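Heads up, the next two complexes both have subunit A, just with different partners, subunit B and then subunit C.
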Partner chain A sequence: MTAQLATRPARAAAPAAVRRRRWSPEKLLHFGVFAAPGLLVYGCFVLLPILVSVGYSLTNYNPFNPDTEFVGLRNYKLLFTDEEFLTSLRVTTVLTVILVVAPNVAGLLIALLLDKKGPFYNAWRAVFFIPVVLSSVVVSVVWTRLLADDGAINQVLGWAGIGSVGWLSEPGIALYSLAWIMAWQMLGFCVVVYLAGLQSVPQELYEAASIDGAGALARFRNVTWPLVAPALTINTVVMLITAFKAYDHIQVITNGGPGTGTTATVAFVVLQTGFTANRQGYASAMALVMLVIIATASALALKLLRRREVEL
Partner chain B sequence: MSHTRRSALAVALGALLAVGGCTVGDDTTDSGSGGGAEITFLTFETPNLTPQYWDAAIKRITDKHTDIRVKKLVAPSADRTGYAKQLLASGQFPDVMLAVSPAEIGAATNLYAWQPGELGEFLEPTGGAIDGKVYQLPTNTQTIPNVYYRKSMFTEAGITAPPTTYAELLDASAKLKAKGHTPFVVGGGKEAFPSVLPLTATVATEVYRQRKDWMDKRRAGDVTFTDPAFVKALSLVRDLSTQGYIDRKMISLDYAATEQAFLKGRGAMYPMGSWFAAAGDKSDIKADIGVFAWPTADGAPLLPAYTGGGLEVSAKSKNLEAAKKFALAFQLDKDNLDNSVRSDALFPAIKGYSPPAGLGPVFTATYELWQKHVAGKSIVKAFSWETGSDSLLPGMTAKVYAATQDVILGKATPEKAAERLDTEWSKAA
Partner chain C sequence: MRQALRPLTTLVVGAVFAVPLYVVLANTFKHGPDIAPSPMSPPWPPTLDNLTAVMSRPDRLFWASLANSLIVTSLSVVVLTVLSAMLGHYLARTHSRWARVATLVLLSGLMIPPQVILLPIVRVLQLFDLMTTLQGLILFNVGYYVPFGVFVFAGFVRTIPRELEEAAAIDGAGPVRVFWRVVFPLLRPATASAVIFFGVWIWNDFLNPLIILGPGQGTTVTTGIYRAVGQFQVDFGTMFGLMFLASLPPLVFFLLLQRHFVKGLTGGAAKG
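Take a look at the complex of A and B:
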């Protein structure tokens, strides 16, 4: 028997009568009662701030300058010639690519190794998950010390005769060091999500594939890989958003440096511009561009990745 | 427990959590007796300014003024200005705060402008003024930077006296390097400010020496960062790095680690503010630490310094009188001033004040160096440390730190770094 895995079927169009019944007064009442609290919270704490930001982004608002003027789309035009913002987009893109690829690949490999029963494997799962629950500030402080000029890693390299490396001081290396730290912390999340995906794969499919003569690689390619697709989708989208929002690690480890903008992500530049330079109108425009990029990237990733998800 | 009581308990717990989540700073301490006006006081901690230092200093005042109760707030990092802005934005602006940049916090709107009659005890009553108004008590002078050096390393390298000209400084650096010592300890890390000290020195010798009001001119748009003198100041810093006199890897060290690097002998010279004298005197090597002023090309004496750095009071404080009374008492209290000298090596700019006896050799040498330059009228402003009308625009200080790191690390030429500063200035203006 060959495992038959169908790609997710398109949702059948509901008959018009059914659609009409969905919006009967009784349904509406139920919807209102159950959805209203959530909608209220979402409206107050998500939609309203976004709308307020849109308003600010069309002004030169500075909390310490009483003369706020409407500037139209000037802030948005400036963004695309602003070297600092463009550099931050490049930094964020590099960080995002690393953070999407590295924990996903390593996470899947580790999950495959840990997808077994027993206290030994449970203990290892806990080991990999611990960094996820640690405060990012704590993780940043620990890694800053490890990667410091006179830190443990350079001392080991020194003993090995390799010589010390400017992990956080060399502009060409610092961003990758930062990406490594973030990937290390998020690895456990990817492992757990992949483990959940792997444990939902029916054993019968592996048995059937084995009977058909499939080796380990073929079983992975034809059974495991298609069925962990939802886990890949979740991990990719979460890593994408994590990378775009990256701020706290940067603040603690490099403060955007060394030098100008070496590790300054969009989120970091937004906060610096808004709360250090006090240019909150301009920072709002940056934040909204960032929102559009995250939303677009997430939607595209979801669309592309869900295409290859399968249903049993 | 009835359903109603359970619900009430749940609501109360929820409310408690919500209120707890909104409380400012976890690290708050109350000081003072039960009654009287309560004021909040924003402090920050460094290796010199410990929690015990602040608690004792506050208690000294509340013991004398029992009608004032003080709730101490602690900024989460040395960036107290950034934290003060957060508190302001969330309606929790402290009543009294220390060394928050008035120019960045909207002084005219948010800070109380001290009246001349209240500043009678201060040596420089108009120090740090913004448009003629003083918002920050001009309590202390700090010389920024001094060059602290290890006497033993100088001796080992055959340097018999501290350099008095820039050529001698370079010569000493070459000798130190030849002996295997890193000539300069220059850090950075998350605070980034340790990187700027060499630039503060070279701006003093190349720019401020000729035009003491250069920053006023920059604010007026009469000069730019791409002017040859400023580019030369950046070039001198770049040259120290390209000649191997600054270890680029140390740029990742934060302030505390940079200080330790010097104290542990990882470099022979340490350009740093006079506050380092406190740490130097607490160290085991205090007898081995000397100090000199960053030399000019022709050997003319020059020392950058900043006077200000004191307490500020919120203009909208509910207990404005108590806040003012506390701030003035705190700054003029002899014991507090003595402790600021011992703990943070400050030079109180208070009339009739003289430091206590028995201070360490590093402080004494630093203080004498300052006194010598005061007598010789060779004091200039300390670039990037100004806080009044002559300060950098909001947000520019971080750009200057980054520009300095760019030239040290070879990420930008001095010309490009200066050009970038002008671009950032035009954005901030």
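Take a look at the complex of A and C:
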């Protein structure tokens, strides 16, 4: 979701001595005014729907079919042999690997390039960040025009004597074009997070390393790289979640095609199954499996990456 | 020579990166019929025809979408900021086991994909008679984004000393007064980043309004563009004009508050 996500929750030191009467009227009023409204809305519009989802996933619920039956875990079992679902898992995995690696690597390189003071570099930082604040629909429509069979990029390729490429119409290529578009939009996010990481590295460390005779490459490996580890953690987790949730670009650009499901991610198939095919029981099971995968993947990534962070 | 390497590389990499941004800008001010044959050419002579065409569409698509987006975004952001500041403060200052559980349950909401909630939300909103209404979308936004707000505010509250609040309480001010007069003004950096993120996310939201406002019931700017693209496959001028106008608010917002954006984004990156 955002950078903030990865910060460690500050451990609340619980002073046991403060424990007084459990629920005095003042305390109840305090809770009612400060905590209850937020918790209530969260409960009604997030927790309750998830519980409803769990319930649906155990039935064959379809809003246009009056006979809803309890089917136990059948929906979950079906998932393992459902060609459409398995394909969407593969598509999501490819997209995730590209989106975790490409903007991370390119983002660090560009951050190193822009890590200088002055209005020139400040202006370019702003330019790189602009796509992050644009709507994914706008970004999708622009890139659809650029990558269309008769679009600007194929025009340029035509002048260069290379034939045109079916960036979005060729089943084997469309997924990579889609990854490229999403990476382009999120690149500025990674750049800004890395820049902040770079600026937190104390200058003295570089000087000390230089005095010890470290070259540019050695300074990067031994000083910069370990100290931008928190930035790497944030970018990796954010890109992981972004890739898993990928939906908007797919609906606007390819609608899951070309061909059958070549760009249909799990997030996309869940909504297709639920709202277009109206198989809401089955779609709920799919959505909950997706939730478990996201939670596990981001927890694992956090754990692995935290380990290599160093304290200054 | 070595001196010029960095600015030169920056210029080349930046220019390549910015091509799509240039395309939007150039084609917004270009004559409609010239867009398809030469999408990359500069808009010379520039024209405002595309923008006026968008703004004077007989179906008022642009103005209706703009009004919906403004209402939904501003109300959601205000309610979210107030509720999550108070809840974040409460959870950060309450040291009981249940408060820790509540914090954990809220924070796990940070990674819930909307797809998991959107299927049943239709039923839940129908239950409250809020489906296909702006109020329904606003309430959904509040529920969906409140974890992020709590995360930002609770984290920030822990950095301000408790003594300030205790002193005010001893002077006889009640908790609500203490919060709004003493605590909330101190939370300004957290409020800035919360407002920025909420604002940009909710303005740009596509899937949630598409499903909650439903097909017939009015559009936000993002769902408006999506619907319009299907209609004006041929009229690229209007398409670019609409995209330009829809992007203007978040863009201006970002350029004005650039420093706060970076700070909010990197609160976690620079350890401290």
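The working rule: the second predicted complex is superposed on the first by the 266 of 312 C-alpha atoms of A that agree within 3 Å, B and C clash if a C-alpha of one lies under 4 Å from a C-alpha of the other, contacts with A are read in each partner's own complex, and residues count from 1 in each chain.
One rule holds for everything that comes next: a contact is a pair of C-beta atoms (placed from the backbone, for glycine too) under 8 Å apart; a residue touches a chain by one contact, two chains touch by 3 or more.
Note that the coordinates shown come from a computational prediction; the quantities given were computed from them, not determined experimentally.
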item: A:83 touches, of subunit B and subunit C: first, second, both or neither?; value: first
item: First, second, both or neither for A:290, with subunit B first and subunit C second; value: second
item: First, second, both or neither for A:252, with subunit B first and subunit C second; value: both
item: Subunit B versus subunit C as contact partner of A:179, first or second or both or neither; value: neither
item: First (subunit B), second (subunit C), both or neither touched by A:275; value: both
item: Contacts of A:164 with subunit B and subunit C, given as first, second, both or neither; value: first
item: Contacts of A:150 with subunit B and subunit C, given as first, second, both or neither; value: both
item: Residues of subunit A touched, compared between subunit B and subunit C (which is higher); value: C
item: Contacts of A:205 with subunit B and subunit C, given as first, second, both or neither; value: neither
item: Contacts of A:37 with subunit B and subunit C, given as first, second, both or neither; value: second
item: Common interface residues of subunit A - those touching subunit B in one complex and subunit C in the other; value: 150, 251-252, 275
item: In the complex with subunit B, residue positions of subunit A that touch it; value: 63-66, 82-84, 144, 147-150, 164, 166-171, 174, 251-262, 272-273, 275-279
item: Subunit C to subunit A touching residues, read off their complex; value: 6-7, 9-10, 13-14, 17-21, 23-24, 36, 39-40, 83-84, 86-87, 89-92, 95-96, 100, 102-103, 105-121, 123-124, 128, 139-140, 142-144, 146-148, 150-152, 155, 158, 175-176, 179, 193, 197, 200, 203-204, 206-207, 211, 221-223, 225-226, 229, 236, 239, 243, 246-247, 250-251, 253-255, 258, 261-262, 264-271
item: Subunit B residues within the subunit A interface of the complex; value: 82, 85-86, 88-89, 104-106, 109-110, 188-192, 247-254, 257, 261, 266, 394-396, 398-399, 401-403, 405-406, 409, 411-412, 417, 420, 423-424, 427-428
item: Interfacial residue positions of subunit A with respect to subunit C in the complex; value: 1-7, 9-10, 12-15, 18-19, 30-31, 33-35, 37-39, 41-42, 44-50, 52-53, 56, 110, 113-114, 116, 120-121, 124, 126-131, 133-139, 141-143, 145-146, 150-152, 155-156, 184, 187, 189, 192-193, 196-197, 199-200, 230-231, 234, 241, 244-245, 247-248, 251-252, 267, 270-271, 274-275, 280, 283-284, 287-288, 290-291, 294-295, 298, 312
